[in-house]
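The same subunit A turns up in both complexes below, where it pairs with subunit B and then with subunit C.
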Partner chain A sequence: MRHGVARFVTGFLALPVALYLFYVVWPFAQAAGYSLTDWGGYSDSQRFVGLDNYVRLFSDELIRKAFWHNVFFLVTVPLFTIALALFLAFLLNVGGREDRAGIRGVFGSGIYKVIFFFPQVLSLVVIAVMWQQIYRTDGQGLINGLLIKIGLVDADNPIAFTADPEPFLGVPAVLWWLLFIAVWSGAGFYMVLFSAAMQSIPKDIYEAAILDGAGRFHTFFKVTLPLLRDSISVAWVYLGFIALDMYALVFVMTPSQGGPNHASEIFASVIQFNAFQKGQFGYACAIAVALAIFTILLAALQLRITRRERIEF
Partner chain B sequence: MSTVTHPSGPARSDTAPPARPPAARRDVGNGFGGRIFNGFSHLFLAVWAIMVVYPLLWVVMSALKTDSEVIREPLSLIPDALQWDNFARAWTAGIDSFFLNTLLVLVFSVTLTMLLGSMAAYALARYEFRGNRLIYWMFLSGLTLPIYLAAVPLFKGVYNTGVSLPLLGPNKHLMLILVYVAWSLSFTIFFMHSFFRTLPDSIAEAAQVDGASHTRTFFSVMLPMAKPGLISIGIFNVLGQWNQWYLPTLLMQSVSGEPKNQVIAQGLIELSVNQGYKSDWSGLFAGVTMAMLPVLIVYIVFQRQVQSGLTAGVGK
Partner chain C sequence: MSVTPEKFGDVSRRTLLQRAAAAGLLAVPAAGLLSACAGSEPSKSDGGGAAKSKDNPFGVKDGSAVKVVVFNGGLGDQWAKEDKVIFNAKHPNITVNMSSTQKIKTEEQPKMATQPSDLVMNSGADMMDRSTLINEGAIEPLDDLLTAPAWDSEGTVADSLLPGTVADGTQNGKFYVVNVAYTVWGNWYNAALFKKEGWTAPTTWDEFFALAPKIKAKGMAPYVHDAVHGYYPRWALFASIWKAVGKQAVVDIDNLKDGAWKADGIVAALEPWEKLVKDKLLLPGKLDHTQSQQAFLDGKAAFIQVGTWLKNEMAATIPPGFEMTISDYWSKSGDKAAKDVFASSGEGFVVPSKAPNKEAAKEFLRAILSKAGSAKFAELTKSLASTKGSGDNVQDTALASANSLMKNGSSDLISVKFPDFYADLDKESQNLSEELMAGRLTAQQFVDKMQAAADKVAKDSSIKKQTRTA
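Now for the complex of A and B:
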């Protein structure tokens, strides 16, 4: 049966591997190489500068800003999204009335699930352009318009949203407004994920808990939540990646793509700024390599923290 | 159930009812507290549902207003008269070609991603050969690397290829198709690999005893068996590539002054960032509506498959 295996395997792998090497691996390898040069991007002249670019990274004010903004999103996006998703899943699955069959989901939970999932199928770009209109800084925006109408906001002094660099709790307001969009668009998806995980928990575990006299809150926190551990840690890892990739929102929604006055810079926007506006490709590649190392370390760390013995049921 | 080995999450002792005898349990949730909780659940869920639906509805309805109405009555959901020509205007202002380009690219890129991805995943999952692990890890590493890192060399590579092979240069559909396939392979292989591993050996062996070649076994036996996995990852790839905006913004640039072959996400960004519609707000709303309605409708029709497909993609 081993006959022709080598030929078969080569035939099946040749094209995918070739495409992947050319369009993915080779650019990454080149980027690592460019990061050691002072290449400007447009000329063909480049000089080997060793680790100079990396040394420069550490004293770059913009990078420091971007780093902390990335950390802000890394913490807040998963935290708020998961908390809200869990809360919604909890209401959906145990908010209903109780009968002989145990605690039920709320009436119409199917419809809620369909609706909450909407943002997930919309592209980030559509969401960004849409929210740009919602966040408009004059009376034409959805939120400012509403608030002006009910008198909560002065028409001459509307909310500036993503044009607002003023810090709120030590973080520029523009980042909080972007965070809100990220949570808005992500919560439904993770709610469906958690809901599915909740429903795959066998009924007899619940029955046992109810027999022991546990109410729905008790059951949720002592039984459901621990059993959801796997799903929650997977969600955390994925949201971590999404948090690193807030660039579409920054790109569409903030003034001068990272503004105002660099208040919403993240790694991706700094790379773009250095490469295409300042013409420092070598340096931009060094930032990107640093980001890649940061990402890989983070992924390893997350996998390490979230790895626990599985609960089989 | 002693399988729970670690402490539970934040315990809220204030809400925990005291232990009740089993006989009384039937009215635990139907008492006064249960009814309040039920009401609260509905209230909160409804509020969130409105927060999701209202902005979408607002965009759609604004697309049906006149420009002066958008400015005068920005909040109203009911236009004085339905302005369908906003759609016609936005359509001819570029959305038509965005759609055409996106469709043209996606038909081939998704098909090719699925085909090449499952072929590679199958070979890696079910055959032992030297370098198997190396290739697998090479594909997997693509999941953690940020795309921005590759941006500059990728554009340069595409540009250089275009000099000798014009069809693979910047702003060419074929190039974008191949780039999409290459960048989608990591996750597709990762997902299908674990899927092919779970398929039983006996059927493949039976097929080969009957004289089927390896290739034949794959296409007529294993691939049909992997259908649930293919649907999941297929939905994932369609949505992912439809929503892709960074790669086209980078690669579908006009180098010699010809018009750009923009895809939908890229085109919408340009329209909104560059204020291509300047004072044509209703036109911009119409453009956004046209970009989101097809996906939403497909989702509503196939919601069960889409939901389970996408969540399975994460759960694996």
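Now for the complex of A and C:
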């Protein structure tokens, strides 16, 4: 019957694999192919230019700018999101009062979980549009309005948020404001992820730690964190991908999609500009291929660094 | 899997779609060839042939029918129904089959090679690419419409049109596209407020800078603009450059001529804008177009610079008693072309080459461009029509002021072409315009950076160069 099983399995897999090859793998290959041409995107003619597009890529000032902006997000988005998510998850699961028996979260943790998770159910574009109102740059904005009322901000000089290219700690302010939204919208999901992981840690480990006199601080750093290593590592890779994208926020929220004056330019916005505004599809594909290679290398590196022996419980 | 490769795949799927669309375009002339092989006569017309007269210059045959397709967008389609009434008053025995849609390309392109409508308003997001239509011979040159007598006024149709309308519809030396609407750009103010305060609307920068402190004293900001979309302030900056230095300087800029930005007077033309920012005459905040327009309506700022669509765009929130009035961009003493107005025509009609009743289509265009038809257009849409004097009898301050602005202006219109020619320079000029308006660049720095950006495009061999002649 071995033969019959193989045929059965093949029969089921053939169609999905074919669809996947045609709609996912083939376009990848096509884009790689276009990246070696000077195709404009609208005509039927294209000239093979070899690696010219890739050579050009390295001397493109805009791409260099976009690269460093993406690197900024690559470092900060996972760092702040994971830190905040871990903090919240810890409070909601094991951070409750210590004076009673048992391990529990802070009072009302069920409600907090729903609230923190809420941004995750909204589309990123909806989030961006909503934050546009919060970040509004005059007295009618939520933040500006409040700060002007209590006198912390001068009404003649309100916070410009995503229209502010002035550097803060060497990075344009607009990127910090976008980072804030990315962390706010991402933390809830990773909080739930870490909560699930924390709940699978046996309670007796915590009880043993408490009996030994460990406080919240020590339980977190000596018990919880080491046992969450796998989840955090996965979260880091996912957030890395998000950091290399950031397209929706930049596209909806910044002036001239990457502005002001290129202060929030990222890979995706440069690709979009070259492909759809400038009509240089070949070059845009080359940037996209370079970005894909960069992403894959980064993910591989990340997973390799964090690979350790697992603890089974 | 990851977000990034998905995006990467997305681009590819789009290229796939675009190739399919390109293939579809190629199929259009092919279909034409096929039908030509089948022996049909592509430009045969069955609506003409009647005696030609002043009231029927194209010889439209009584009893024929004409199919008109109207784009039903921001301007609505009621004005076109009024044109039908005007048309039928003169030609009661010609049936007008009018339909309106927002999907011009989706519905009309497939018919272009076989049995198209007689008259199509090619407008909106789903419009047919104009250059493609002309290059493939899919639409008819309408030069005889221009020389035909006007419907209800002296002279020819061409005489009755606002300046620029013929040039805007001309390509390769022939007139193809009949634009029926007209947009004017300038500084808007609330005439009722100015009357109440006893202020006179300035026409020059000096008058504005003299008035500004009085406006500030009332707790208003003198000026506001869209600080998010760079092409808004760019209109204003180029109006100043054109007025100060004249048309040739802007043509040189469009043609990427060596040192075009360094021409005498360009920096001086932009200095009032630098002063406007430095003197803190702008409303605080980086508002986008609707936010800034609402701030203007709320009386937070005395002036806003934008085009004549303002009235329609903000119709829902205009406070009662607000007399929205447009005035020309301010000039300064010594300007070479102070009277030139920033304006252009739009919303174009085309007649397909294979239309069965081209004569009636042209006759219908004559009705649309008539005094009566254009007046109805202006009255119903609150926008100027491309026919002269369309706003003469309309009781609307916005329209009347745009109308008089056009009447007082010279016949040369301010226009800038390089943003359509070069995407890089388009983006760069938008960015730098906002930087200048944010006070992060001086006029001199702006000009230097624009020159550098233009030089970069001029040197880039991967960018196809274009030339502006007029």
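The criterion applied here is as follows: the second predicted complex is superposed on the first by the 301 of 313 C-alpha atoms of A that agree within 3 Å, B and C clash if a C-alpha of one lies under 4 Å from a C-alpha of the other, contacts with A are read in each partner's own complex, and residues count from 1 in each chain.
Note that in this section a residue touches a chain if its C-beta (ideal position, glycine included) is under 8 Å from a C-beta of that chain, and two chains touch if they have at least 3 such contacts.
None of these values were measured; they are calculated from a predicted model.
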First, second, both or neither for A:Val252, with subunit B first and subunit C second: first
Contacts of A:Asp38 with subunit B and subunit C, given as first, second, both or neither: second
Partner chain in contact with A:Pro158 - subunit B first, subunit C second, else both or neither: second
Partner chain in contact with A:Pro119 - subunit B first, subunit C second, else both or neither: first
First (subunit B), second (subunit C), both or neither touched by A:Leu291: both
Touched partner set for A:Lys278, first subunit B, second subunit C, both or neither: second
Partner with the higher number of touched subunit A residues, subunit C or subunit B: B
Touched partner set for A:Phe28, first subunit B, second subunit C, both or neither: both
Contacts of A:Leu227 with subunit B and subunit C, given as first, second, both or neither: first
Residues of subunit A contacting subunit B in one complex and subunit C in the other: 23-24, 27-28, 30-31, 34, 41, 139-140, 244-245, 247, 268, 271, 275, 281, 284-285, 288-289, 291-292, 295, 299
Subunit B partner contacts - residues on subunit A that touch it in the complex: 1, 4-6, 8-9, 11-13, 15-17, 19-20, 22-28, 30-31, 34, 41, 87-88, 91-92, 95-100, 103, 106-107, 112-126, 128-134, 139-142, 145-146, 149, 184, 187-189, 192-193, 196-197, 205, 208, 210-218, 221-223, 225-227, 229, 231, 234-235, 238, 244-245, 247-248, 251-252, 267-268, 271-272, 275, 281, 284-285, 288-289, 291-292, 295-296, 299, 308-309, 311-313
Subunit C residues within the subunit A interface of the complex: 2-5, 7-9, 11-13, 15-16, 18-19, 22-23, 26, 227-230, 280, 283-287, 291, 295, 423-424, 426-427, 430-432, 434-435, 438, 440, 462
Parts of subunit B lying in touch with subunit A, wherever the complex brings them together: 1, 3-12, 15-22, 25-30, 34-35, 37-38, 40-42, 44-45, 48-49, 51-53, 55-56, 58-59, 62, 70-71, 74-75, 116-117, 119-120, 122-124, 127, 129, 135, 138-139, 142, 144-146, 148-154, 156-157, 178-179, 181-183, 185-186, 189, 205, 208, 213-215, 218, 239, 242-243, 245-246, 264-266, 268-269, 271-273, 281, 284-285, 288, 291-292, 295-296, 298-300, 303, 306-308, 310-311, 314-315
Complex interface listing, subunit A residues touching subunit C: 23-24, 27-28, 30-31, 34, 38, 41-44, 136-140, 144, 155-158, 160-161, 163, 165, 241-242, 244-245, 247, 255-256, 259-262, 268, 271, 273, 275, 277-281, 283-285, 288-289, 291-292, 295, 299
